[in-house]
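Each of the two complexes below includes chain A, the first together with chain B, the second together with chain C.
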Partner chain A sequence: MAQKNNRRAKIVGTDIEVDITEKKDVIIESHDEDHEHDHHHKETFITKYIFSIDHKMISKQYLITGLIMGIVGIAMSLLFRLQLAWPEESFGVFDVLLGKWATDGVMDPNVYLALVTIHGTIMVFFVLTAGLSGTFSNLLIPLQIGARDMASGFLNMISYWLFFISSAIMIASLFVEAGPAAAGWTIYPPLSALPQAQPGSAAGMTLWLVSMAFFIASSLLAALNYIVTVLNLRTEGMTMTRLPLTVWAFLVTAIIGVVFSSIIICRSITNYG
Partner chain B sequence: MDRSFGTSFFLSDIFIQGEVLHYQGGSPVLFEHLFWFLGHPEVYIVLLPALGIASEVISTNARKPIFGYRAMVGSILAIAFLSTIVWGHHMFITGMNPFLGSVFTFTTLLIAIPSAVKAFNYITTIWKGNIQFNPGMLFAIGLVSTFITGGLTGIILGDSALDINLHDTYFVVAHFHLVMGISALYGLFAGVYHWYPRMFGRMMNKNLGYIHFWITAISAYGVFFPMHFVGMAGLPRRYYTNTNFPYFDDVANINVVITLFALLAGAAQLVFLYNFISSMFYGKKSIMNPWRSNTLEWTAPIKHMHGNWPGKIPHVFRWPYDYSKPGSKDDFIPQNVPLKKGEKELQH
Partner chain C sequence: MTLLLVLTSLILISIAVWQLTKILELSKPVDYENNEIATDKDNDMQGKLMFLFLIFIYGLTIFSFFKYGDVILPESASVHGENYDRLLWFSFSVIFFVQTITQALLHYFAFKYRGNKKRKALFFADSNFLEGVWTIIPTIALAGLILYGLFTWVDIMTIEENDEALVVELYAQQFNWKARYAGEDGVLGDANVRFLQDFDGKNLVGIDPTDRNGDDDIVVQELHLPVNREVVFRIRSQDVLHSAFMPHFRAQMNAVPGMINQFAFIPNTTTQEMRLRPEIVEKVKKINKIRFDKSEELIASGDFPLDPYEFDFLLLCNKICGASHYNMQMKIIVETEEKFNKWIDEQQTFKEFVQ
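Take a look at the complex of A and B:
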């Protein structure tokens, strides 16, 4: 988001003034008395609702995507709970939803493992990591620290769309011929490392790994954005000891995310290649 | 690379259907170390934002300053640090040296200290507050409840000796679902109910929120409380069926009860979804600061605009938890209200 009218602005918390004439996607807060922001760019449907760089819209995108993934994840848990309560009974809902993996309405053991695996993956990563942190970090960090947006609205948009691609790949993995990954959400080898280990170890596992690579790229970009925003864009008077505890939690979460994202990327690569 | 290029990072001496594969020298335990070195901090990546949301929602709706602000910040930092040195407690039964197991037990149990600080501070914040029992607050209180009940069983599982019996049983499933899954979900719901007016400019239906909370809360405990006993009976997780083991016949009926509560919990989420979607269009229009909260987001106009505030960004003069401050006319003072002459900022 660009500030067109200002030529110089003061970095919050310092006496440093910088020239922002050429800044196109960085917001530096200014408290000059005559300052007026030109934030009312003409928006199209696409720029407002789809490829938005506004943190509030991106938070809604995270929330709605997270909720949709949550519906899928919870529905899966209900299916395998039915199997656990009434083992190998025939259910019409299995017939409808699982198709060839539920002959005569009886759940196949391989798809049971796949449901447990994808349920765990979706709930841990897609709902409770991206859906929760993505939604509220995006919504609240700029608003609660007194910033006009994230440090980079563009990176923020990229982060959401990588998350969306990751979600789409994970959902797509449910429909591959041999079935989705079924090694548990911890995907221990050899079930994850040997394509011939079980049906879900083939294309389903490959898609799981690709999906997670996109997911971590998304998380990494988002976390870097959150950290930079909290550290650099706080409004005047917003010292660290005046930060709401929400922002403290989001900041520390982002730091953990940056540090440990590299580990899961490394693991995915060594496992997949 | 193990899958596609024949490397042996995580594989060694594998036989499949009588065929000896070429892998040698790798170790699946290396994978487990890598996984849990990320995997345990991931628990806090999930949980910390929910705890942050709870802090805000509880303080606002108790109409009291958050108890022990600096202790809360310190606890967040301590939890984050400790989360990086406890991963081995997921691997007690991998053949780990028992001494190393005792080290991981020690570091794991240390996390109970900052966690308890947070739990007690939530309770102390609520204590004698003018509590507003709206759905957001109920879910935040629910989070504190599941954080405590799920956390307590973590002390058992963090013990390398006790874990031998309970590892990979439904006891573990019950523990992490309560402390991480349900707590974080409650944080998510608390956040949605609390900030929905800020996101969509409308209020969610309160009565549907109450229905959602109470059915979810009862059924969540209905699912996971008995699951502890199923786990203590030795029932392993991830088994397709337990009917092949007469030893587990005694817990078969408990599994039916758990599933019935799970179905009830699933149905409650339909109430939430209906409320979430219908309130976007038909919900009562929100005023700018419906919860009489102190933080800056409630000073920004509801109307969608880039830049959040027209004109100048508000300055901040005080911490965000000036609720029921003695001498103040209102029971809240937003952060952008300057200190009055002679007024001192609370030493938090």
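Take a look at the complex of A and C:
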């Protein structure tokens, strides 16, 4: 159990001395807790790999989902750039992948716009926002500030699974009758709002908006978690000014995320209305 | 179904390969030489690669300048366009200069201070003076660029009241442009989408038939502009967002349904003069060479050859607006005042057209 010894240590390369008495208590206590933890809770496959609340596992989940979305996004950009480089040319790969949207292997203009749109959406939201921030913030924030995990592991798990649902819906939108959203990733109405304006603005657009609503909920939960973790769970001596620049960047990204998520959730709902 | 089968087998095969490599790796004896901690040799290699990369990107930049330098837009054909280009080139030069130096330093230092067990790193906490310097210099430089940009912006966007100016409406719809001249009175008649169906659909841009100002308005599908005279564009859209983009005049303005946006410029080069400019002649020659080669292929396969290309100013749509967005354009012809007056006299006014 905790021992009270007054101990002081010197930080390497400086003349600063710090009191590590309390620190030692924390280490000893936490070690004991871990010990008990091992005896009472056996991790199953589901709690360890699927509904995990461990920041490192969640970070890997984000990484793998982000990578898969990234591959889909890059494949799309290859397709529409083939069309751009050789207009009106027939390609067997279009025939196989696009079917009725590429009669005789020539890409339909609506499908070109749909590919550009979903490519943009995937790259901006699913790869850059979730893939990068989800992976690296989750992995590095606790490690670099000396916390044992994120402030709320449960919230973190919910955040990942909302992101997963959002990705699944976005991919599902590729398979609707009239094609996925095609108004550009900025989804400007009225083009994106009226099915008369282009076929992609029908069911495809609805799914796009539903997917985005889940995505925003996910990134809001994640961002709140990052902010609380950085502000409250720093280890002793890790003041805000001593935070690594990486963590500062994550913190600022998270704050911006909280600010913009409320705006775009309103936008996706009003656009749907 | 076949596709599903192919995809499933592809996925299964890749899982099998992945598992096999894993087994192979596990069955190998532990290689202490090849663990994942960087050695001096690795660091030396990485440092040299960094320096090679620097040479590569600079080589690529210089090559691109020579090879693709001529695909940029020709010199501006409008008065404000010269200020616009000056701003662009000034910003570009500053950014390019700073980028060249910082990129070189970044890669050179990665090379010079590459990891070596014999070398000891210097611990350097911080220097307020240095931090001050590298904060203040960019602040001044960027503030200067922004101020210059703002002044140019205000200069370009301010439309002074001018009786001499030609008033033209640009009307965007999926997927074409129409232009409406204000006619002799110099005032555009009121317009609204509700009037589009009037006169058996002959009311192409929805002019209000009760507004007398609209009687002498002229609606055309090819834009003619007199040289050296101010043109004020009033930009409308019928259906979705479009963007009126006239790259040769360095002009762009969104067309928003329910709003009238404005932009004004003075064209200072006629289409004829533009066609005679050496850089345009060169460009046209290059495009026609490609078209000629393509035509030979087409003729060989029994198709019709392509038309030769001739330079023209264009009004393009620059905001995704639907299936045929890529082809939403209108030809712009800039000509002398006399030719323009002759052309406009031949056009029918709205009143004549609908009768």
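Brief remarks on what is shown
Everything below uses one rule, namely that the second predicted complex is superposed on the first by the 231 of 273 C-alpha atoms of A that agree within 3 Å, B and C clash if a C-alpha of one lies under 4 Å from a C-alpha of the other, contacts with A are read in each partner's own complex, and residues count from 1 in each chain.
Here is the rule we use: contacts are C-beta pairs under 8 Å (C-beta built on N, C-alpha and C of every residue); 3 or more make two chains touch, one makes a residue touch a chain.
What you are looking at is a predicted structure, and each value in this text was computed from that prediction instead of being measured.
Aligning the shared chain A places chain B and chain C in steric conflict. The partner that reaches more residues of chain A, of the two candidates chain B and chain C, is B. In the superposed pair of complexes, A:173 makes contact with neither chain B nor chain C.
Looking at the shared chain after the overlay, A:96 reaches chain C, while chain B stays out of its contact range. Of the two partner chains placed around the shared chain by superposition, chain B is the only one that A:60 touches, whereas chain C remains out of contact. In the superposition on chain A, A:183 makes contact with chain C only, while chain B stays out of contact range.
When the two complexes are overlaid on their common chain A, residue A:255 makes contact with chain B while staying clear of chain C. Of the two partner chains placed around the shared chain by superposition, chain B and chain C are both touched by A:109. Contacts of A:198 after superposition on the shared chain: chain C is touched, whereas chain B is not. Of the two partner chains, chain B is the only one that A:235 touches; chain C does not reach it.
Overlaid on A, the two complexes show chain B and chain C touching the same residues of chain A, namely 109, 113, 116, 184, 188, 190, 194, 197.
Chain C makes touch with chain A in their complex at residues 3, 123, 174, 239-241, 257, 319-326. Of all residues in chain B, those touching chain A in their complex are 1-5, 7, 9-11, 14, 16, 21, 28, 31-32, 34-35, 37-39, 41-42, 44-46, 48-53, 55-56, 66, 69-70, 72-73, 76-77, 80, 83-84, 180-181, 184-185, 187-188, 191-192, 195, 198-199, 238, 240-243, 255-256, 258-260, 262-263, 266, 269, 273, 276, 295-297, 300, 304-320, 335, 348. Contact residues on chain A toward chain C in their complex (touch as defined above): 13, 96, 108-110, 113, 116, 183-184, 188, 190-191, 194, 197-198. Touching chain B in their complex are the following residues of chain A: 1, 29, 31, 35-37, 39-41, 48, 54, 56-57, 59-60, 63, 66-67, 70-71, 74-75, 77-78, 81-88, 107, 109, 112-113, 116, 123-124, 127-129, 131-133, 135-137, 139-140, 142-149, 184, 186-190, 192-197, 205-206, 235-238, 241-250, 252-253, 255-257, 259-261, 263-264, 266-267, 269-273.
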